[in-house]
């Protein structure tokens, strides 16, 4: 019997380390699913710039850039949470309803009093945690598929909204609305800073905490994770709580922007499907386990740039939808090709 | 062979368990039929006329489009994909039909043919992009939803234009008259049963077995010679064509409307999941999926009869759907 | 102010008060009761305005105004250029036939106004947040000579409209209201109370006491729709009519039909149907036909399919309207402002109702089913093709 | 080896869907002992281990560790109690790197955050401990060969510092050379006092390694024996309940050989270089080689499952180029894949549907009725000695060996002229193995050309009429049937580059 002596493998070992170093770089930077996203973003910005300029408009002005940043906030924040659940191999279709509900509760709790701002925010965050917990429990303990569980949750929240409110709910405190909704630091809107902070937190959580590692593991394979001794249920529940929290933060932000809560702000914004589209545009695999928030941010910017260009070119909403649909499909098709080539 | 000990091999080692097996199969996939029966009985208790032929047929007639959509959704789901574009496809059907028919009865049949072709083409595009171009179908069909919605209204300038003809509308509205006892047998109910039967046969045929095997394990199916891309594309085509049929029925039933297809994709998927179809593919029966659609419609009727406040209706619906799916999962687990 | 009102008619009682709806404050837990959507003063005022004689040319109702009251001096908005104006329009949405019809009219009127060089439309797709950003972009872009706003929702668009008013560009609001009187003018028909009452009075006058009425509404929460229902509700109560149900149809024909069928099953029959908008009126009548029942007294709107069916099938009906020609008025008002001509602070348009007597003049066989009879667009270039007619 | 009982399992019962698969199993394990568990496919070995690992809760019975009763509701609880397990199926995340896989869910932390450095350092140390240097902690698992993955699995179990280590067929996916490495590791752990439960169908390993052997049959313990006090013959008898005489069916006669059925000429793919060989009707050609030497790649390329860059394939003298496996099936080829779960079976479908899957793709239903030689599902089950409850049973509920028989049936049904077997008896018990060997030989006798890939050298030597040996994507040489193991290994490792054919 031939026993392979490990020492014989030393040339191979050197090769392996070299390969690994190259791999590390490829995995870390180029092979990161975020790379093509920013390529696509850059491409779209260039095309947009050319088209808008030919049309006689201005694209890369400070005002316009600020406008784009501002527009990316609401979808951006909720997409961060959506990224986490999609990485986990789940998804959340209830975010739109939760955004509406949280905008309403924010307004109701603030009731025009500046003293109520902090308690209101706390209450709304608790609401988010509660809904996320419920989603997580339904998925793990009742074993209802995430698609149906969160679709059902959207119905439940929708009914609660309809039952409790028949129109906008005023009461968002003036100062709060001004601060979060309209203040700018130089050219940077305050709300964009909120987006950046939430993004940094989610990024950090995914990258550096055990919870983040577990999200990737469960997304890679729930079975493997469980058999390896990972408490998958806790991870799934935790991720859904995180997702719902980003939804309520979006709701709070929108309340500040509208100076009111409204029953339809979430559904009108299409935040459920659009956040999923943004995440996938950002290169995160719908099957879970691959991707991250950096890509999602790129995906959100792509949609924001498109939106801005549509406005400048005065596309009607129908043309917009057609172009959006094509861009989403085309971008993901390109990623898929890249993925295939690499394999 | 080295052994004659055949008694232990082959099947029937526990032939006595056959009854038990059937029972457990019924318990696992049969939950939906039990639920449907409970709802029907309950509705009848609330409103005894429900069980009479007229009202019951009216219920079936109203359910027919969703049942047909659920069958279409089933083919796609069982092959491991999603089709989120069927709702907007239904809208497209109605809007295109109105624009092209302009109330002219002679145009009805050519336009219907065209609608079926559009359904097939959209389905093919969905399938092609999702299989050959490897875009996840969730995204393909989400994009298609946007494209269809935008394109059709772009074409009509924002609002539906033109009008449906009477004979177009009669498919979704009328039926065979003068049948004793039930008076009218609606065309949509006939279509529903025909499509239901055809779907069952299709799933039992080689195509269906290959489709479900593909959804279960694509690599194994391919290595066994299954042209997995082709069967998946076909599933999307079926979904598109059935959405066209549903659109024709809904346009007939309700007339021109830009809202008609809104949210139907979710209803169809919900119906399938209620019926025990597993998202991700490979499991579930088409009959149960269609029963899921009937259950969903019965649930709407029940909610209406219960007089649950319009506002809380959605909440109750959400709780029941989650509860039913959770219950089915629980039974499946218990039965395993 | 308590609760929402309609398009703000009430607040202008003093002549210079806010011409817009007030906030809807506090949760609306009781949809049916709607007490918070009812304001007696506005209600009485609107009902009275129905019979007031409007000022202006009778053959051009879109130029008429009811009880104009305070006129605004717009000389400070007078455009520096004589022509080639860039008029910007932030539209809430283009999501129903009424809005689509109006949008076409508005564009045609703008094209027909020689001074307007560019008419820029940005569609908010029914998203409050988007509309706020759209308006911000219009203001900061500095390229608009006037900004027209059709707000998506009342309370929520207020801050953005206020911001826009702070710029030196004139702001014109129409259709739904906002909670500020900062815009140069606010254009709207009489209002929801009048609409709701027109329809309810028809049923009151025709249906016997205790008759069963079904009320169909599109969706909750839009003030101009809420007031329609709250305007009707009191009349039903007073008349002793039995409202067996109030349901939301989402503007979906199939859903409307299913709801009516369900009620026919449950109640056996209905004596009247009240609707807060007419887009699904035909589907509603078909539910009766499909159930083999005679169509009772019904109400709709000036959508062509309903009027046609009314005429052809001899329905017993009425169609209140929410004057679609206000979309045209918005451009006319803008033109006046940019020319420095005075406009009313609140421009109230007539709001005719279509009855059996005047039905024939509104049915348009050559126009598509979703055409709105009160288009006010027949004399515009491109009619009827631009509106889908033959 | 101490006599102190480390683990005691008593009266373990477990049923699925009302069918009991374990009827009161008793088992004990001492510290520093290697305790082998053997038994037929479906006997319940893996299920028993899963009750120990917290995957399945036993319906009845007790588990004691160090005399103390324990219940595990989750694999994490078993881990915490010192139970490590390498499952029969692979249990790694391909998208994560080695270190992340080893410490999955238990990442070391510093100040509340994952200490990636430490994680990698510890993984590197563990890899070094087992003498693995061909990859490092940061290598993505996707890049690893099956053998390397198995090393990761073992390192992962080891990283728990488990006192009880379960290895469920750890060598099933390994070639002989790699097996030795594994043995070294297992013995090292044994010296550290770890109690090891070792499941294998390879009796040679069992005798080489274990201290005691427990035979399980039909969900119950037949007997626990001291390895030194028994022999292969007795063991087989206990397992199968009958004598098995002689391992392999007799080779074919030279005279029985027919025409060249399959001719591969200068075949190249990204992983293969200029591979040429022929297989005649009635012949079994064995394909040997180390892991990753390209054996599977040959099969896939010939079958149209992977793209070919150069070369030709001829079937019955006609040049073919399959772009899709279906064309290969149509042309009379069959391919029993090495990984039956991932590539052989639609697990949620019935036995009947799986058996019919391939024939359905090439013969439409109406032609099937008139095609002679097609067997009923029941007949197929008998021919392959399948043990199952009925044709409607879902394949995922079958044990590994019975699943393999379903795969075989699927291909028998297409009446192939050329059959490629990739590890046909991986994870198959000795009794069934003999059955499959007989079947393969019988097929050859009936004129089928067989190409058989196997990592189990005795099997390859015993079955093949000729043996081709692969080395790094090239054909390193050819040996006659009955060649010796060292001869093959010499070619396979490239130890001697120029070899006579």
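Each chain carries a letter (A, B, C and D) given by its place in the written order, and its residues are counted from 1.
In this text, a contact is a pair of C-beta atoms (placed from the backbone, for glycine too) under 8 Å apart; a residue touches a chain by one contact, two chains touch by 3 or more.
A quick note: this is a predicted structure, and the numbers were derived from the prediction, not measured.
Annotation: B-D is the more contact-rich of the chain pairs B-C and B-D, by number of C-beta pairs in contact.
Centroid distances built from C-alpha atoms place D farthest away from chain C.
Centroids built from CA atoms put chain D at 41 Å from chain B.
Inter-chain spacing, taken between the CA centroids of chain A and chain B, is 31 Å. Chain A and chain C have Cα centroids separated by 37 Å.
Annotation for chain A: residues 162-163, 316-317, 320 touch two or more other chains.
Shared interface positions of chain D, i.e. residues touching 2 or more other chains, are not present. The residues of chain B that reach two or more other chains are 158, 309-311, listed in rising order. Here the chains touching each other pair up as A-B, A-C, A-D, B-C, B-D.
Chain contact summary for the complex, chain B toward chain C: residues 47, 49-50, 55, 58, 62, 98, 156-163, 173, 250, 253-260, 262, 300-301, 304-305, 309-311. Residues 63-64, 66-67, 70-71, 74, 104, 108, 162-171, 177, 181-182, 254, 257-260, 262-265, 268-269, 307, 311, 314, 316-317, 320 of chain A are the ones that touch chain C when the two sit in their complex. On the chain D side of its complex with chain A, the touching residues are 53, 55, 74-76, 78-79, 87, 91-97, 100, 104-107, 109, 112-114, 131-136, 138-140, 143, 156, 176-178, 180-181, 485-486, 489-490, 493, 495. Chain A contributes residues 138, 142-145, 147-149, 151-160, 162-163, 273, 276-277, 280, 285-287, 316-326, 328-329, 332-333, 336-337, 339-340 to its touches with chain B in the complex. Considering their complex, residues 16-19, 241-242, 244-245, 303, 305, 324-326, 328-330, 335, 337, 342-349, 353-354, 356-358, 360-362, 364-365, 378, 381-382, 384-392, 410, 431, 434-435, 438-439 of chain D touch chain B.
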